[in-house]
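Below you'll find the structures, each written out as structure tokens.
Here come two complexes built around subunit A, the first alongside subunit B, the second alongside subunit C.
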Partner chain A sequence: MSTSTPTVAAKGAAGRPRTAAPGRRAGRTAARTHKAFSPWLFLAPGLLITLAFNLYPFLATVWKSFTDARTLTTGDFVGFDNFTALVHDDQFWVALRNSALYVALVVPCLVFLPLLLALLVQRHIPGIAFFRSAYYTPVVASVVVVALMWVWMLDDRGFVNGVLRLVGIDPVPFLSNQWLLLLSSMALTVWKGLGYYMIIYLAALANVPKELHEAAEVDGAGPIRRFVSITMPSVRSTMVLVAALSSVSAFKVFTEVFLIAGPTGGPGGDDTTLVMLIQRVGSGLQGRTGYASAMSIVLFLLTLVLMLLVLRADRKDKG
Partner chain B sequence: MSIHRSVAIRTAVGLGAALSLTVLSACGGGGSGAGSATDGKIEGEIKFQTWNLRANFKDYFEGVIKDFEKANPGTKVKWVDQPADNYADKLSADASAGTLPDVVNLSPDLAYPLAKAGTLLNLDKDKVAGTFKPEYLDGAWQGFDMPGLDGSYAFPWYLNTGPLFYNKSMFKDAGLDPDKAPKTFDDLFADAAQLAKKGKATLAQPPTVEDFGRYGVDIMSKDGKRFTFNDAKGVGFLTKYQEMFKEGGLHQQALTLTAETAGQKFLQQEFAMNPGSAHDLDTFKKNAPTLYNSLGITDVPTNTGKQNMYLQGLSVNSQSKNAATALAFAHFVTDQKNQEDFGHKVAVFPSTKGSLDKEYWTRADGTEEGKIRVASARMLPTAVNYTPVLFSDEMKTILRNEIAKCLQGKESPKEALDGAAEQMTKLIQQK
Partner chain C sequence: MAAAAHTPAQPRPERVPRRRTVRALRYTALLIVLLIMIGPFLWQLSTSLKGTTEDIYTSPPRLLPEHPTFANYQGVADIIPVWDFVLNSVKVAVSNVLTNVAGAAMAGYALSRLRFRGRAAAAAVFVLALLVPMEATMLAQFATMRTLELNNTLVAVVLPGCIGAMNVLLMRNAFDNLPYEIEEAAVIDGANVWQRFTRIALPAVKGTLAVVAIFAFMGAWDDFLWPLIVLSDSDHFTLTVGLNFLHGTFSNNQRVVAAGTVIAVAPLIVMFACLQRFFFKGVGEGAVKG
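And now, the complex of A and B:
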């Protein structure tokens, strides 16, 4: 379906425009209409779904954030009141701190540990498929099951404290201390995410030219030197991708903390994350949906800024 | 820009706008239609929703529905049951979408926001429903009186007070009389101190709003406009709890455990006393026979002499297309015969007048279940629902978190309760 055909056909040998016959003109119009509409028809299903389930809820959330809406009432326009109230809401700052800490501590682990793991399981040695599967198992396991397992392990009378008792160490309050609770949730997130990012790195490592390693080896470079000078630069784009994906996930963390710290968000709500707070404030029959929407917008903006920073850093490196 | 491209863009924009409007109208459609008359003909189909009852009482409800349909030819009751978790979220989704069932099982705190939004029938103001009022216990009917909404919004259904289980072995090991369970909070604090000396925790949950009520603290002002549990009595109560926590009277994880996880730890005999229901006896028998053999059953300590009444009701959707049928069915399920039948199937209590005077609820039959039943029934006529209907889930979390800060020593009891009362009052005033 060439776009130039009718134009060329419509010109004479001397290049003078010729008037097309009425039938031909109609055919041309139909072709143009077809050309204009066909892409939209193909796009329509996806576009409609996006409009209904992404764009509309997003716009509705933006609108709601400027109202005092409740679960069962649409509320009145209150301007920036919700955002002003957020600034003075201690619980919001606690939640923001916890979410930011999550990003700061979890993301580096999820960028580097899976890479090291991928390097280990990349080797073609007998039985390596077992280890690859074993490391990937937590990814396919339900987060609820995984969290319950961790709770059983970290409980006062759980496996970890049992072992500590055996060696004469007092039990560690993993599930009742504010900071240990948060660190336990982070450890769970890292453990569950390792396998997923390991697979991404495995794919990236497969594309690193072997010759480079061989040449470096001949030149006397050790494993650490080869890792720093060859492997890391080769998978840099993948590392940026992992950083971007894991930072968005870390900012939106909910399930792990909810299951480990309990629905109140740890003792006194000290382990509450932003998404937990949004859920708490905005759900239920008396939920403050307007206020929760304002928090959601703040979370969206923070995530967007974080993504842009990561991508900008990547562009700078490439530049 | 060619004409075709602009047509295509306009079409796409139009499609998007149409879709948005469709979604908007679908979401905003709730509650727009007016309900039918309650004194009309009893006929047509209605939807009846219960709260986590199908698993154990399928036969009972199918029987009740069959009886109703037989007694009222031309009616059809479609029964749906929702799981216990996230029931409030399900209700809010239904109410927002205008698909709230015709008859719906609610507790007073869940009924309040729905009644306020105008989705429930005011039984006191309805000429048909109002005639049934004398059939129910006054306290139970008043349990669904909504502050500021001038009326009651559900037929009272089943009631419960709930026993307190305690571990007699742990009492004995701590040098306490295993047959003398604490009756008041002062007894409880004294026993907890004794148990703590032997390294044993007594409870695994911080105090709830009902505990404040049972201690004699006024939870709300009479006009229902502010929370008042931060008075001297409330502060005194929390101070006692703080001391108990410091001494080890509360389980180490008490600040993060839920009722469910605390129940599991009680099974593992990690602490001495836990509130529950007659359902738990089976669990103890099956999963913790050692505990079951040393199980003590008593009333929850109270300084007011009154227990907390947990109340369930059946509300009628004010927008029901068959309101007469819905009303008749809600009354039918909660009438004396059906309530008493239900009370014989499970350890709950009927809210109809005269029912609790019957032998089944006044004379123990020698079983543990019978003992709990008679003891709980005895407390019901004076029991009070200490949880204000305005008490939302968010307020529950606020109170619990402030109490946790106090127990950890980050805030004084006064600061914690002042903080909680202020935040919660603000939430009421925002409405």
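And now, the complex of A and C:
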């Protein structure tokens, strides 16, 4: 970084003759104090909010995870009891499995489908602006809204089953079968995320030199060959970014499953995800906040590991 | 284009039909995807306009309502105070935009353009904040809000996200891209930090400000988990929480639920349609680059 403006200003002040009247000197000291303070005045709101509502709650969560706190009590220190209890908690493993399944199935779709979509809308042809923003509509809409829409679409007598019945297929129990519930919710997550990641890919594709494609075309490379040998390598770092972003958000899924499977997480709670479990166990007047905090810490560590794994895979590929 | 220059020898009649096929295929694909992306919205809109006398469970599904009616929209208001919920959501979303734009721009400016002791530490706070998922700290935040006696208020809904760390870093990047010369002239003219910030730097990063504003609005309008946790009294429900309520209690009346979701999504789609040109430009210009 080159010299910033305040430094320039300070140099100018120091260069002036030192024989200033006492009054002027006092004024200059005030100005200097002001200069030292003003960056902090600019930063104060953002720093305070971030410290108070992000980093402090995190430290509080770490602390609470070692206590048996409940909603209205601070609780006593219990060491690693919460964590050992987690290991023996079937609900926790079900939730962890569902969240992991979510990542495993949703992320590949969200890495590749939006790329194809971006390629489809990349070229500036008439009407393309309309298509781009129309594809973005599911991103704009609230998860609650799109979840309610899909519940209606996937209802036993809803649109999808109505169409299936036309072809002579019996109604598919999208909303009552444990696995279909989870799959429906994943489909919703993918559908809603397509437009968002499409935009990220569009920005990346704009940076791919056109000459590469043209040269390959002259050499007789077909569209698939060009996709594999030119497009994929050029947007590789973006694919890693999308994988990191989508895996972290898939791991933290809450709203889709909460609305499609219901607050209790489907039949027997078998569709509960990790965040749903944290919410259910930790809130309410009888909430076991200490125990739920331990789960939160596990959630935090796993998202961190997930992110590091993706980023490391990126580095390995490059080397 | 270079490719065209290389192939003038190719017989034209063969090339033109091929291009036309490619173009037709492209538009067909575009239309199919379009149907997948906005079809569900249209189906929801159609359902919301169907009257009580019309069977909404027909097979094949009937796309257009026979006798379109707005009665279901009135129905939503009869069941839940939907306009109060809308008002609450507007309050939350507008405050979120104002605080994020102002707070993130100021912090971003300090991090990018001002020299001071502790700058690296301050920047690190925002980067660290990105690593902590809100989902992992929501219970502690709930406890904080209880201590501040803010639970079940809209202030509590807004506060945790009112200056997003991501937005601060976005603004810092935007300011980083401005040449220093612009400000140096102002320094010589005797402009103080605040004047340089508001008169010179801010107007130069309008695009990023717009992106921050749009994301802040959509994020606040769409958020569900945090308001669900922090709000207990239906007087303060935001629209998303209220809709969940509508869904849970009256899921048998699909027409009314549909009308409720249309009320929730229509303002956003209209807003986005108006701003999309600005938005895609801002994003494409490097606000979200990997």
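A few remarks follow.
Following the convention adopted for this analysis, the second predicted complex is superposed on the first by the 274 of 319 C-alpha atoms of A that agree within 3 Å, B and C clash if a C-alpha of one lies under 4 Å from a C-alpha of the other, contacts with A are read in each partner's own complex, and residues count from 1 in each chain.
We take it that a residue touches a chain if its C-beta (ideal position, glycine included) is under 8 Å from a C-beta of that chain, and two chains touch if they have at least 3 such contacts.
Not measured: the values here are computed from a predicted model.
Ranking subunit B and subunit C by residues of subunit A touched puts C first. Touch criterion met: A:51 reaches subunit B and subunit C at once. Once chain A of one complex is fitted onto chain A of the other, the partner contacts of A:261 are limited to subunit B, with no touch recorded for subunit C.
By the touch criterion stated above, A:40 is placed in contact with subunit B and with subunit C alike. In the superposition on chain A, A:175 contacts subunit B only, with no contact to subunit C. Within the superposed three-chain model, A:269 lies in touch with subunit B and out of touch with subunit C [touch as defined at top].
Shared-chain residue A:157: touches subunit B and subunit C both. When the two complexes are overlaid on their common chain A, residue A:313 makes contact with neither subunit B nor subunit C.
In the superposition on chain A, contact is made by A:68 with subunit B only, not with subunit C. In the superposition on chain A, contact is made by A:286 with subunit B only, not with subunit C. The interface of subunit A with subunit B overlaps its interface with subunit C at residues 35-36, 40, 47, 51-52, 55-56, 155, 157, 283, 287.
Taken in their complex, subunit C has these residues touching subunit A: 1-3, 6-7, 23, 26, 29-30, 33-34, 36-38, 40-41, 43-44, 47, 57-61, 99, 102-104, 106-107, 109-111, 113-116, 119, 122, 125-126, 128-129, 131-133, 135-144, 159-163, 165, 168, 180, 183-184, 187, 193-194, 196-197, 218, 221-222, 224-225, 228-229, 239-240, 243-244, 247, 251, 254, 257-258, 260-261, 264-265, 268-269, 272-273, 276-277, 280, 283-284, 286, 288-290. Of all residues in subunit A, those touching subunit C in their complex are 2-9, 35-36, 38-40, 42-43, 45-47, 49-58, 60-61, 64, 117, 120-121, 123, 125, 129, 131-138, 140-146, 148-153, 155, 157-159, 161-163, 165-166, 191, 194-195, 199-200, 202-204, 206, 210-211, 214, 217-218, 237-238, 240-242, 248, 252, 254-255, 259, 275, 278-279, 282-283, 287, 289, 292-293, 296-297, 299-300, 303-304.
By the touch criterion stated above, subunit B contacts subunit A in their complex at residues 2, 4-5, 7-8, 11-12, 15-16, 19-20, 23-24, 28, 88-89, 91-92, 95-96, 110, 113-114, 116-117, 119, 252-253, 255-258, 261, 268, 270, 392-394, 397, 400-402, 404-405, 408, 410, 427, 430-431.
Residues of subunit A touching subunit B in their complex: 32-33, 35-37, 40, 44, 47-48, 51-52, 55-56, 68, 70-74, 155-157, 173, 175-176, 181, 261-269, 280-281, 283-288.
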